[in-house]
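Here chain A shows up in two complexes: once beside chain B, once beside chain C.
Now for the complex of A and B:
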């Protein structure tokens, strides 16, 4: 079994353990209402985490995800409600702005040779500021309008024969994006390039790969997916407070990618692992609430699990290396 | 499968540790052990703050007095986090929820979901267009006007004022600030009026130079006060409109040695503010009664649960009015507060 498959198995085991522990302690966990909520929550996080994973795989980082979420979550209601745009151009413009943000990050990183941390740190502050300025620091949302559009994200479809549970629409979107990302990373030459760039960018460039082009592409994808995530969060919640919306979400996205086996040194990572990583984080938060663990401890528990995941991963790697050495 | 064993073991440790009552000294949740046969009610806040810790004491007292189960849930993030926590409470099957919605205009779906699954009341910040059974709290606009009255008492001949507040995108903060402005400018009440944060607002006596928002970041709040003192040398009165603002104002003004020139007016009952009023460093404050928000919410939910619908007033609101606290009545108020929170 390859290392990345073992990592996926590890994070899956973590997921299953949390499910078992929660289900044993709370009868309400497996209620359809809760499962649907969980799926609805995990889906948008999956979307933004995949973006973060692609950037991390090339050895980069994007700290601006939360602020791009705030900006896109602000722009969409602004265009629809305040400026009277129709739905398709408004969504198109919102995603377009997000992609342009990614393009700018990519150009600054590759052409000006600025460090990704600095460029996206600028983004973290700048886009949040723009979102707050744009709305005059007022909460924004769709009110009672655009229910049709919101239904696409908030409603669920029932499966014939399984009337007790229905599947939230947003899951389909997340699955489509995850599958596309998986195919892109594993079944196309471009995906191999990304991994090669993450392993050793210079070596990749000397092998004839246009590294700049692919790095720019990952930042565009990351910001685009963050923008899409912002739209999903805004449609689901229908309330965007520009000062707080999406705060820290980049850290959840990065944590999901790292839990899922992405190495911050680059060159390593899988989409499936990232998806499960995003699932673990949201599942944990749900468990904390269901088990009645004080909400003040929420961050501590999530942080603890991330640390334990990292330690377990490191120990496992060492044991595996020692075994290999012994066999030789 | 060493990885599996390790992660499983570690996780079980974390979860069991976190669930252990002895580790919950800084608890936001007043009940993890449900009393069987008794209803469970939830008191949901809009953020984590000392203000809500006082409300939590009220919830705890009601829980003891009435023999019911009650949990206090404090969302630590945005409207998304509040929604998630509410959904989890519904999934847990609580019988009633009292909530301070972060954005009542746009959270209609969440509020509807509460009403469909549990008894639903609002506290602190109302959602008048939702199917809530009752609102428990004060009128923030009127409380803002009270704060304006305090300013008029402190500076009857006029003042150059800066306002400091966590944000102005929340219903209660908007109304509180607007009430204050309307009172100073002697305007009649108007529920839809909103003066933007940018730009000077003035009449012949009072000038509001600026409204600065810190997004609940105390360190930033202090910087804003310090910068305002540099930018507006003529400023002679500062108002902190969220609970944590006034102590920061007091600290910054004291640090700059300008207590004689700049009057501090406060909102809420932070201990430093009450001490400041006693010492003559803060002119006065407008206090809410978070303890009663907590107590009355649980009490009302329990009455409705028992079928006593008459406990809901016809107006749909249980008014817990704000009060002005100045040097004359600070001792009496503080003694009562200490007795309630057991300090």
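Now for the complex of A and C:
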């Protein structure tokens, strides 16, 4: 079995363990309401984590995801409510701005050779500042005018014959994006090029790959998905507090990618692993809630699980290496 | 009469009979390999012993055992007749054994003195005593002929000077036995000569030297004795008067190999590449013109830094030229990216396999198909894997790459097989002109021969080949003609019958202009 498959199995095992532990300690876990809610939470996080994973696979990093979420989450209501745009152009413009942000990151990183960490650290501060300025640091939202649009994200579809549970619409969107990303990474030459760039950018360039082009494309995809995530989060909550909206989300996205088997050195990672990684993190927050662990401990628990995951991965690798040596 | 003559002989005999270092029956196994198998040898005071052998012959393991990096499974090491246990680098250093690694181990963000005394810093009241270290450093630097300030950063100095700083560092621990692992592999010719002088001087001061090298010419020049290893075992020892190229090679490979490849003269072909007044970024004030014909093997000789690699990089589209024209098959071409050169049929096997040629963590198949993926996809979607498999299977069999599966990770292949993978990834793209930069650096003699015959055969099939090499024998034996570069320009061209070491070196050093 390939190492990436092993990593997926590992993160899946972690997911299952948390599910079992939570379900055994709390009757509320498997209630339809909780499951539906959990899916609603996992879905937008999956979207932003996939973007982070693509960037990490090329050997880069994007720290600005949370701030891009804040910016798109404020621009959309601003255009709809304050400027009176209609829905389609407003969403188009919001996503367009997000993509442009990614384009700028990509250009700065490839053409000016700035480090991704610095470029996106700038973004982390800058977009949040713009979002707060745009709204005078006031909460914003869609009011009740746009419930039809919000329904697309907040409502669920019930399956005939299974009336006890219904499927949130946003799950379909997340699944579509995950499938597209999987096809992109595994079935197209672009995906192969991203992995090659992450492994050894110079050798990729020497092999005739337009490395700059693909790196730029990846940052565009990441910011685009962050912008889309911002829209989803905003529609879900209907209340965007620009100073706090999306705070730390880049870290959830990066953690999901890393838990899912992406190497920060680049060249390694899978979409499926990242999706499960995003699931683990949100599941964990849900479990903390259900198990009655004080919510003030949330970050500590999430951090602890990330560390344990990293240690377990390293130990498994060493055992595997030792076994391989013995077999020889 | 007889008594006067016999007087000095026992003294000379004693020097060799009580060796400073005596290794007896050393064995060391790693999982799957017997790296050292009952190896015995000795080293006299003030002796230069060359240790040679192909990659994987066990030289490195032997040196690591002597330097205390690894402990032997069996066998004894005697120093001055006493058995010692070298179970750590520190223990080996205390006994006066220092190893200078092939890759420089200096920290280039620190100054020279800090490097010399790294781990053995001098202190005063618990604080670093920089003045004392600087003063001591100067005396060690002088012994290796370096007139540099010990408070300058290491990064300021050339590779050659850094090599000498490493030797000064070894002297600073009072090394009596200096192990040098391929010390000349990254040195230009002038600095190599300086290195030889210092080796000879240290020898005259009574330091014993174990000199590991792939360059047999150097070994012939420097060594008092040659110890040849093969497959972890001693393959033979040659005394000073027995050292010859042929004997060293046949002991190393264990058979008589045809002594280097000789070319069959090419048929007259049309010009594939015509370069006029090309200016490379390395030498903005120099212009290069050249022409390569179909079926020709052209060598570029010259010293390191003469602008050879830079020329190949521009021809491969890696760097942009500052001026001049490039014509491929008579058509003017502008390469803005390696992709443009590849489309025109100019493909580069780069100098640095690991950083530029390969994804060493990826499989043979992934590496071989990488440049061709664009041709194998429709609308960006990868097509059925059978075409990719065909490329890899053909590459592996036609280049005789030693791997049982195309899924093998490239870093586990030998240097020669890695180089074949780099070449194979281009052969799938049908190059018109193959550019090779130091194609056989760090490669076994056996694999070298295979790469030579491959280049020869590709040229016979009509491909043009332009290669850069610092190995004069390689240029002389392989090239139909050679261009010799000196400080960014082509100092001269030598036809096949004019190719001699002297002719190349006098052009390369700028003596003929």
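The working rule: the second predicted complex is superposed on the first by the 328 of 328 C-alpha atoms of A that agree within 3 Å, B and C clash if a C-alpha of one lies under 4 Å from a C-alpha of the other, contacts with A are read in each partner's own complex, and residues count from 1 in each chain.
Following the convention adopted for this analysis, a contact is a pair of C-beta atoms (placed from the backbone, for glycine too) under 8 Å apart; a residue touches a chain by one contact, two chains touch by 3 or more.
Remember, predicted model here, so these are calculated numbers, not experimental data.
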Answer with clash or fit: chain B and chain C placed together on chain A by superposition.
fit
In the overlay, answer first, second, both or neither for which of chain B and chain C A:210 touches.
second
Could you tell me if A:105 is touching chain B, chain C, both of them or neither one (first, second, both, neither)?
neither
I'd like to know which partner A:31 touches here: chain B for first, chain C for second, both or neither.
first
According to the stated criteria, A:296 is in contact with first (chain B), second (chain C), both, or neither; which is it?
first
Determine, under the contact definition given at the top, whether A:202 touches first (chain B), second (chain C), both, or neither.
second
Would you mind checking which one, chain B or chain C, touches more residues on chain A?
B
For the overlay on chain A, what angle lies at chain A between chain B and chain C, C-alpha centres, nearest 10°?
130
After the two structures are laid over each other on chain A, how near do the C-alpha atoms of chain B and chain C get, in Å?
23
For chain A, what residues appear in both contact lists, the one with chain B and the one with chain C?
none
Under the touch definition given earlier, write down the residues of chain A that touch chain C in their complex.
187-190, 192-193, 196, 199-200, 202-210, 267, 325-326, 328
Of chain C, residues touching chain A in the complex
31-32, 316, 318, 337-339, 341-342, 348, 350, 355-362, 366, 370-371, 373-374, 376-377, 380-382, 425
Interfacial residue positions of chain B with respect to chain A in the complex
1-4, 6-8, 10-12, 14-15, 18-19, 23-24, 26-29, 31-32, 48, 71, 73-80, 83-85, 87-93, 102-103, 105-110, 167-170, 196-198, 213, 215-216
In the complex, chain A touches chain B at residues 6, 9-10, 13-14, 17-18, 21, 25-26, 28-29, 31, 33-34, 37, 41, 135-144, 154, 233, 236-248, 285-301, 304-305, 308-309, 311-313, 315-316, 319
